Amino acid sequence: MGRSIRMRLHQIMEPAVEGDRASKVFDVGIMALIVVNVLAVILETVKSIESEFGEILYRFEVFSVAVFTVEYALRLWSCVEDDRFARPVLGRLRYMVSPIALIDLLAVLPFYLPLFLALDLRFIRVLRLFRIFRLFKIGRYSESMKRMGAVFRKKKEELGLAVFIVLILLVFTSCIMYYVEHEAQPEAFSSIPRAMWWGVATLTTVGYGDVYPMTAIGKVLGAVIALLGVGMVALPAGIIASGFAEEIHASREEAKLVCPHCGKTFDAAKDGDA
Amino acid sequence: MGRSIRMRLHQIMEPAVEGDRASKVFDVGIMALIVVNVLAVILETVKSIESEFGEILYRFEVFSVAVFTVEYALRLWSCVEDDRFARPVLGRLRYMVSPIALIDLLAVLPFYLPLFLALDLRFIRVLRLFRIFRLFKIGRYSESMKRMGAVFRKKKEELGLAVFIVLILLVFTSCIMYYVEHEAQPEAFSSIPRAMWWGVATLTTVGYGDVYPMTAIGKVLGAVIALLGVGMVALPAGIIASGFAEEIHASREEAKLVCPHCGKTFDAAKDGDA
Amino acid sequence: MGRSIRMRLHQIMEPAVEGDRASKVFDVGIMALIVVNVLAVILETVKSIESEFGEILYRFEVFSVAVFTVEYALRLWSCVEDDRFARPVLGRLRYMVSPIALIDLLAVLPFYLPLFLALDLRFIRVLRLFRIFRLFKIGRYSESMKRMGAVFRKKKEELGLAVFIVLILLVFTSCIMYYVEHEAQPEAFSSIPRAMWWGVATLTTVGYGDVYPMTAIGKVLGAVIALLGVGMVALPAGIIASGFAEEIHASREEAKLVCPHCGKTFDAAKDGDA
Amino acid sequence: MGRSIRMRLHQIMEPAVEGDRASKVFDVGIMALIVVNVLAVILETVKSIESEFGEILYRFEVFSVAVFTVEYALRLWSCVEDDRFARPVLGRLRYMVSPIALIDLLAVLPFYLPLFLALDLRFIRVLRLFRIFRLFKIGRYSESMKRMGAVFRKKKEELGLAVFIVLILLVFTSCIMYYVEHEAQPEAFSSIPRAMWWGVATLTTVGYGDVYPMTAIGKVLGAVIALLGVGMVALPAGIIASGFAEEIHASREEAKLVCPHCGKTFDAAKDGDA
């Protein structure tokens, strides 16, 4: 009977299948808790809110950690129902190092560590930052985050090429700008890495305005770099956008082709991309 | 006979059908009044214009409200000619809560409220803001605003996904930046919501330059975020743009190919998008 | 014989047909003169160049105006060889008001007007600005400027829609921002037209940083406007870019289709876009 | 036997063919050396690193130059194995002026020149800049840099048109802005070339914020230029991006459809792009 409880639990905790009310309620509940948690992490940093609602926020934090800890424990217990993690000990260890379980662990660990270890305050502050990883717990249920992941996997070759080209462009233009502007602005262009800060701001067209060329030749070169480089940096963006579009398109409906020779339909996408 | 007048009025007030001169004149007249009205609302805020032409602008406002009020009343009276709002009382009530009728109401209400209710000045100022909603009265006649609406309805799934991803990216990067820059810039990065102001300015590439990372590690992270994030934020833009392009393309005609040799038609798009 | 000289002159002055050496020489000569002229107009405004080479630049200006005047006169004389302007007086008048002839006139008129009329200095300065219109004389010979024109003509419907939507978005967001920020920044947001300056800088993502929201609610609204609006303003850009791509694609080769029923080829573009 | 050594050396130094271990080791070794070299050039400019590791960095520089010099000499010796450079003297001379060999030379020459020639310090600083050209030695092995080159070659016609249009737009708008803003901002808009700095910052949407129109008419014109011009400057970017996408697509495989019912192939792309 213990097995059947564990199996039911596993079903409930996995994303709901059509018609499973309990599982659906669990999913929506956890997602709501995650969203409110992230909001709490954000609002906690606002001084006026912290001073007024700090007590409530802390209690909510304790409550959330308790829920997430129980959730983590139950998942670890029931994960053996999954074929991939079927073996009692080794299966559970393998589950523990899977990305999705690590995110679950990172979501609660920052709360426990200071209780058990003597940590300096700096490190505790960094640990608090890790609470934001709770955001990624949402990935288990969110279709869009899964699709995003799929896009990155599918387009990783193109993205690699584009990022490589952007990096080379960035290094090259920043080096030139460093040599041109170094003397006129020894502070802002004190080194090539600092010139790269200008390079990123310019090539992404963010243009904060804290660094820009001031010499005549620096402005001419800066203008040429801006006019030509802007296109390069848009490359990764364009690749992700088109991958995302393809992903959505593909998930809607598989394109059906009619063979003009025999009139039957067949799936174009499978054969076409082969 | 009352019915036939009401029906004719209804025809005139709806977007003109081919050849209906009176209806065309009415449409163009109302559209011109809306455009001049919006211009008046804009120019009224310029002090030099207000001090010189304030009297005329006020009279024009009274005149416009009068016209729009009569228009609203007549529409309410004649709306029962439309099958959707055919029942005398219930139909008119349902018409009143339709978006297009609410916009018509919002366009005149801000003028009447202060006459009947004792409102404080702050609220009256907000009410004046609502006059800008007259802008959307143009939606009844404008093909492009209708198409824009159609694009948003058609692409709402994709847009939802993209906006969701942008929000997660924004929250995540802003949290990291808050922890990194908080100590160096306690004012500009005083809380995560304030760090999100930096996040929006950077990810949209607006880059006002009022907030930017100043620590070395903040600049490195800021550069990585800018290079990778710029693409994400362009996603909703790309989705709307492609939806708009499809909308225009579809409204022209469906591409049908007729082979000039054997006279048979075949659909190029179906074969082609495979 | 006078007619045959005029006809030959007309041939020479029109863009060269394959193999016409004299016409080719004329075209290249005029284009070179235009380019050097535009460079002269630009460099003349640099004080150090003006003080040293001012004399030479002025002589070059007189020489250019002389050449362009003779060119204009000859074109006016020989334009009757063109069927559209065949009638001696009326044809020449119609030629004079054609866009390309008006540009030719604008290129020289600013030089002559001050000689014949007593103009105040302000107006003379504006006239000097018109010299830059010589830039557009290049349009007669440049394939790319013609194509650009073709793109604008072809896409004018879509562009109209997109510009209309951008304008509505700009007016609406600027109005809201004016009401929100007016009190906190009475100078930068002194009126809706001034708030529109913020709107343009934000929606185009230029973000100079001279104006930005400072109140909390202003920043929240500004962030939402930036995230959603950036896509809209990219619409006209996208339309022009895709139109340009289609134009280049179409000019290369007409897409040939093979009918799968009878195996013959036919022109898809003509039938398909019908 | 000398010949067979030279041939083997040539094989090793060329990008590795499948299964040639020695060649693979050589390729990876040289690429690693290039990457570490570029990192050294970048880090050397950071004062704190230079003062601590300056000695090590200098020794690494000497070592790298030695390796690259030997590599250059061996390539020059073995290049005659390549059919294009087969003739002993003339072939080697022709190899020396090939772009890839010039980059190899530029990568080491800046080190030797000051040893043999009495150069002033300014020129030596410029020479140090040339060390960054070692970055392009990577082009011999990098698929993505080759593809980038292919894209530029393929799209050079379109890119030419787009750059030409961007330049005309830039010159025209900067001239207008100069005349409008010159009096109000005699410093920032002191000449048309300086106004072009504003033009580039605006049209690329970088918007540093060091220059922007201040007069009312300047802001109106600036807003119109920004709204309309932003699209133009995105043209080269779009052309490169689409060329890159086509390049990747083409390198995968040509889309061929096989009808699974009748077994015949037909090309989907041809029918589809109609």
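Going in written order, the chains are labelled A, B, C and D, and every chain counts its residues from 1.
Quick note on the criterion: contacts are C-beta pairs under 8 Å (C-beta built on N, C-alpha and C of every residue); 3 or more make two chains touch, one makes a residue touch a chain.
On a predicted model such as this, the values are computed, not experimentally measured, just so you know.
S.K.: Specify the chain most distant from chain B by Cα centroid.
M.R.: D
S.K.: To the nearest 5 degrees, please report the angle of the rotation taking chain A's Cα atoms onto chain B.
M.R.: When the C-alpha atoms are superposed, chain A turns by 90 degrees onto chain B.
S.K.: Same or different, please, for the chain C to chain D contact, judged on whether over half of the interface numbers appear on both copies.
M.R.: different
S.K.: Across the interfaces B-D and A-C, which one involves more C-beta pairs in contact?
M.R.: Pair with the higher count of C-beta contacts: B-D.
S.K.: From the mean C-alpha coordinate of chain C to that of chain D, what's the distance rounded to whole Å?
M.R.: Comparing mean C-alpha positions, chain D is 31 Å from chain C.
S.K.: Where the CA atoms of chain A average out and where those of chain C average out, how many Å apart are those spots?
M.R.: About 44 Å, centre to centre.
S.K.: What are the residue numbers in chain A that touch two or more other chains?
M.R.: Each of 196, 201, 205-209, 234, 238-239, 257, 260-261, 268, 272 in chain A touches at least two other chains.
S.K.: Which part of chain B faces chain D closely enough to touch in the complex?
M.R.: 205, 207-209, 257, 268, 271-274
S.K.: Please name which positions on chain B make contact with chain A in the complex.
M.R.: 157-158, 160-162, 164-165, 168, 171-172, 175-176, 178-179, 190-193, 196, 201-202, 205-209, 212, 219, 222-223, 226-228, 230-232, 234-235, 238-239, 242, 266, 270-271, 273-274
S.K.: Per the contact definition, I'd like the list of chain C residues that touch chain D in the complex.
M.R.: Of all residues in chain C, those touching chain D are 38, 41-43, 45-47, 125-126, 128-129, 132, 135, 138, 142-145, 147-148, 163, 166, 196-197, 200-201, 204-210, 233-234, 236-241, 244-245, 248, 255, 257-258, 260, 268-269, 272.
S.K.: Within their complex, state which residues of chain A touch chain C.
M.R.: Touching chain C: residues 205-209, 260-261 of chain A.
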